[in-house]
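Below is a structure I'd like to ask you about.
Letters A, B, C and D mark the chains as written, and numbering starts fresh at 1 in each.
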Amino acid sequence: MSILVDSNTKLVVSGITGREGTFHSLRNRDYGTQVVAGVTPGKGGQDVEGIPVFNTFHDAVASTGANTAMIFVPPRFAADSILEAEDAGASLIIAITEGIPAHDELRAFNVIKKNGRARLIGPNCPGILSPGKANVGIIPAAFFKEGNVGVVSRSGTLTYQIGNVIAQQGFGNSTIVGIGGDPVPGSDFIDIIGLFQDDPETELIVMCGEIGGDAEERAAEFIAENVTKPVVAYIAGFTAPPGKTMGHAGAIVSGSRGTAKAKAEALESRGVRVGRTPTEVAELAASLLGAAA
Amino acid sequence: MDLLEYQGKQVFARHGVPVPSGRHAQTVDEAAAAADDIGYPCVIKAQVQIGGRGKAGGIKVAQNRNEALEHAQAILGMDIRGLTVHELWVEGASEIASEYYASVVFDRSAKAPLVMLSTKGGMDIEEVADSDPDAIARLHVDPLLGFQEFHGRRLAFEARVDDDVVRPVGAMLAKLYDLFVAEEATLVEVNPLIVTPERDVRALDAKVTLDDNALFRHPDNAELRDPSNEDPQERMAKERGLTFVKLDGDIGILGNGAGLVMSTLDVVAQAGGSPANFLDAGGGSKAEAITSAVEVILSNPSVKAVLFNIFGGITRCDEVARGLIEAFDQINPTVPFVVRLDGTNDVEGRKLLAEAQLPNVFAESTMDGAAQKVVELAASA
Amino acid sequence: MSILVDSNTKLVVSGITGREGTFHSLRNRDYGTQVVAGVTPGKGGQDVEGIPVFNTFHDAVASTGANTAMIFVPPRFAADSILEAEDAGASLIIAITEGIPAHDELRAFNVIKKNGRARLIGPNCPGILSPGKANVGIIPAAFFKEGNVGVVSRSGTLTYQIGNVIAQQGFGNSTIVGIGGDPVPGSDFIDIIGLFQDDPETELIVMCGEIGGDAEERAAEFIAENVTKPVVAYIAGFTAPPGKTMGHAGAIVSGSRGTAKAKAEALESRGVRVGRTPTEVAELAASLLGAAA
Amino acid sequence: MDLLEYQGKQVFARHGVPVPSGRHAQTVDEAAAAADDIGYPCVIKAQVQIGGRGKAGGIKVAQNRNEALEHAQAILGMDIRGLTVHELWVEGASEIASEYYASVVFDRSAKAPLVMLSTKGGMDIEEVADSDPDAIARLHVDPLLGFQEFHGRRLAFEARVDDDVVRPVGAMLAKLYDLFVAEEATLVEVNPLIVTPERDVRALDAKVTLDDNALFRHPDNAELRDPSNEDPQERMAKERGLTFVKLDGDIGILGNGAGLVMSTLDVVAQAGGSPANFLDAGGGSKAEAITSAVEVILSNPSVKAVLFNIFGGITRCDEVARGLIEAFDQINPTVPFVVRLDGTNDVEGRKLLAEAQLPNVFAESTMDGAAQKVVELAASA
């Protein structure tokens, strides 16, 4: 088992004919993901190394039965593409694009929530990898193998760093979910942690948070009430100065809110083990799994 | 992007939010001319993005031309909590019967705009929120429906504004919301929102934060500048398309991915070091970007040592190595570099670096080890 | 039994301090309806012959537990008042106001539908009367008595005419619902007919349609599939010329669509008896009820 | 309210929908001056709200000033299916590579705006809908979300417009939708929407219906007039705030409530009569309103008899009786009146009428009986 993406995933990629879109779509296919279609307005009827391209998501879904959409178009076009994917019936939409205007994100999020038909992951995220089953996005799959650690993270490379240390300890992953570093992520920690809680394969959950917002604090409450599996957390940005955006649009300490310290304390007060460095997180995970095994 | 008060007020005026009439000035003479034009009494206000301008002496009332000259002279060039005053805003003095507070903020938790109104205006709203939370009426707006007239009434009645200004205060909230959406702001704040003795409702201050990601749709806003708040190093990084934040320490940091860079700062701090910057070279960085980033880091003379912490995903370690070699070729840096390369093409990258035999470059195989090493090097520099 | 309004109705009236609002609120109370509150911004704290007035619907609902809202404000303010009532938690909103801009109606309708918390009746309707239990709106209750005929109508006075003829034949009504003559009514024939079908007291349903739109045609299909009780229909406007709005904003024949003839045929083809005059409708109803009794 | 083509095109231009440039003219001289100004060839178009203007000779191309004069002369004053041409629109002739059809309509069934696009432009769209329904791409828009770029693309691809105009056609649909919302229209139709040989996309015709109930928010639109389409009796009724529609027959009708009046027309027609009008005196009518309504009904010389059909709810029958008595006092009508009063205060109303002993006024106790009576009276008049 795993969550969100697996061998039943049938992926349609918007922006497949762009340089990055082509590169990662083919990498995802090489990994074993069913990449069934691409969408580029005006290029309907062409193909990208055998992957048929359609003018609209509706055509792509109608022709191929795609159930998952990956958004790889530039920020100016991304919200429109997300909404189009939702309208066409994709039940999972993974938005990789970075730099989408905040009000566009807000609108897309609220439409998807009200309609209740689809789940959005991202934007500004590396995607989802279920090792051995499917890879949707830009996560370098080579560093990860199948296993029982579920990872959910606001950050891409930090996830690879932590995943790599865990892998060096001999453990693998059920699924790795990048929820992205934007102010209005389509899915939050609690959404993904809830899925991991229900996933039989996942035995331990690692969450990588960072400064800004209160998603980690809300996750702490959610975990206390709903999660029986062990959770290990990491929070980046203990040394971040207030009022400065640390790379991610969502990573900013405003006044006294959103600090790494407050997040770590919220998690620890509810029984979540928080590692102070990526290495410590991996060690905590290993010791808990060792104990569990 | 944070706007200066006068820039915010110009945006307000464009959207029909009533503001006192005023003029912008960059010199003492311009300020006096503006004051003459507006009439006395008028207010000379320092234009810097920081609270407590009044207490710091950055806001003064002038009763006549002499006072206008005197205040402008005093305020221009003044340092307010680290920011130098380069610009003034001169506006007609307002008589104040009541001071309220109003704002529209992007509430990330609720994933909806949050509109707030309080009759405790003129003071720090975070303090009001702590000491008397019931004094602030709050309301989330469904972004698909937008701000309705009943929202304005409800906030005004709940905040207990004076009965006779329920309608104009509600109308101002509606306009602030429209502005928030139309200009793609993430914060619009009016503190104080005043009621004059004639019962006019006006924004006496304006704080507007715009979404940088949306500036391409607002070319006029993209032109706005705050000369008091521009660090030359940050500007240089921005021009090169790098994600850069200047910090106080002496260890230059470069990594790929915001989370990893933040984590690197933390690990360096834990090892006893003090980072000089946050620099995210981004995903898929090519050699030229790395070279360019090294220039930005070294443009800060405080930097005593530099740490490269790369975990390659889309980014290829061999490209990073090539960029660093090129940087040494061009800049010939004198400070030591610690380089940790892991992930995609890490073997090739390490090999390239080893072959290049760069002076003062130390390869480390782990993030923790690399942090230790760079802290030692900076301490002994 | 009855539908929508009864002795549990706790009514809050927006526009209660206006001339018409006061008159009909008091008439509704005189009939026995629990009129618990009024809303007029700026008049909070006052009362209308003992009915407390609040500044907002939220205050009114919080203070009185009102569950039903009646909208009596001028058209310019009506959509806002409807949305406020919905936001405050009223589960039934009855909008009497005539002349609301069509786009306002469209917005109010869609918000209410998406949120799924409230039912809207009207606008531009005479309200709802459950004889002997409650009267909300402007229907003259004197002409109607308790009974087993459910009436749903796009028109006010026409309903009184038909109801009166039925009453003269000795029959009474479970509930009389005016859905209004506007292009975007909050509730359609099918919504109300479905409620009558489920109401044990109602033994026969009378629907009064008119030209314009296709609500009657949709009702015909709904009745064929879902309604086991006898339905008698009347359609006004056989002689209406195309392209002219016949008094109600919704009553217009456009091209070949919306004619009374097409509506009557749609109903008759699905087994609904259609009377050609109000008198004929009453006679049909009486004969069906006589047969049933 | 239906706009004339030129009024619609002015609204289009205001919202950035591309239209040929043109000028309005009310005389032959104005038309020629407009044509000179625009240049030749240009098109002289009759401004009346009816289809088939071209076939009726109401649209003509002028190659030079003489032809412009000649055509303007011919068209002004022309009768097109019952409407007299009082106004012209003169615009530059467009070269046409393709003719499409586009519209935004208020879909009452779906309770959402419906956007339609077809490459079968220039013909009657109802015929296309019947003969080749797949030739029309249709899409409902969630009014809370609004028209998105993908809606435009989807319609354009589905309608199979030429590949190179997918984007501009989609963009025009977006503007038509914005206009539909901003002006509170219930119909916006472009037929034909043309593609020129230079691949420009333009609205060659414009049909706009505005919501009368929303005109208070659009004072400029409320000023627009169509002199060819104003019946003096309907104008008189409108000025008096009465809901009135003129019909072809000879029996004047007054009732209270739109449904009851429609039903009255039907019952009169069933009895063999022919109504002269629809007149809804509305709920709660007072005596003056009734008096005023009688004047409007009798201003039509065809009227041979009048039927009052009142079922009082809010309306009080005694008020109606008083109004009728006052009307007799003022106007002294010569045609017979049949009056049926039922409902609130019917006893008082009937008593008042009986006491007034008006000549030629017949009381009836049922709607059916009243209809029979008025038909008999009109037939014998």
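Throughout what follows, contacts are C-beta pairs under 8 Å (C-beta built on N, C-alpha and C of every residue); 3 or more make two chains touch, one makes a residue touch a chain.
Small disclaimer: the values here were computed from a predicted structure and weren't measured.
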Centroid comparison with chain A (C-alpha atoms), farthest chain: D
Chain pair with more C-beta contacts, C-D versus B-D: C-D
Rounded Å distance, chain A centre to chain C centre (Cα mean): 49
Separation of mean Cα positions, chain D and chain A [Å, integer]: 55
Whole-Å gap between the CA centroids of chain C and chain D: 28
Residues of chain A touching at least two other chains: 107, 111, 114
Residues within chain D bordering two or more other chains: 142, 144-145
Arrangement of touching chains [line / ring / star / complete / other]: other
Touching residues (chain side chain B, partner chain C) in the complex: 142, 145, 148-150, 153-154, 157, 163, 166
Chain C to chain D touching residues, read off their complex: 20, 75-76, 99-104, 106-107, 109-111, 113-114, 126, 138-140, 142-143, 153-161, 164, 181, 183-184, 208, 210-215, 218, 234, 236-241, 244-251, 255-256, 260, 276-279
Residues of chain D that touch chain B when the two form their complex: 144-145
Touching residues (chain side chain A, partner chain D) in the complex: 41-42, 44, 55-59, 77, 80-81, 83-84, 87, 107, 111
Residue numbers on chain D that touch chain C, as the complex places them: 106, 108-109, 111-113, 126, 142-144, 181, 184, 186, 211, 213-214, 216-217, 243, 245, 247, 255-263, 265-267, 269-270, 275, 278, 280, 283-284, 311-315, 342-344, 366-368
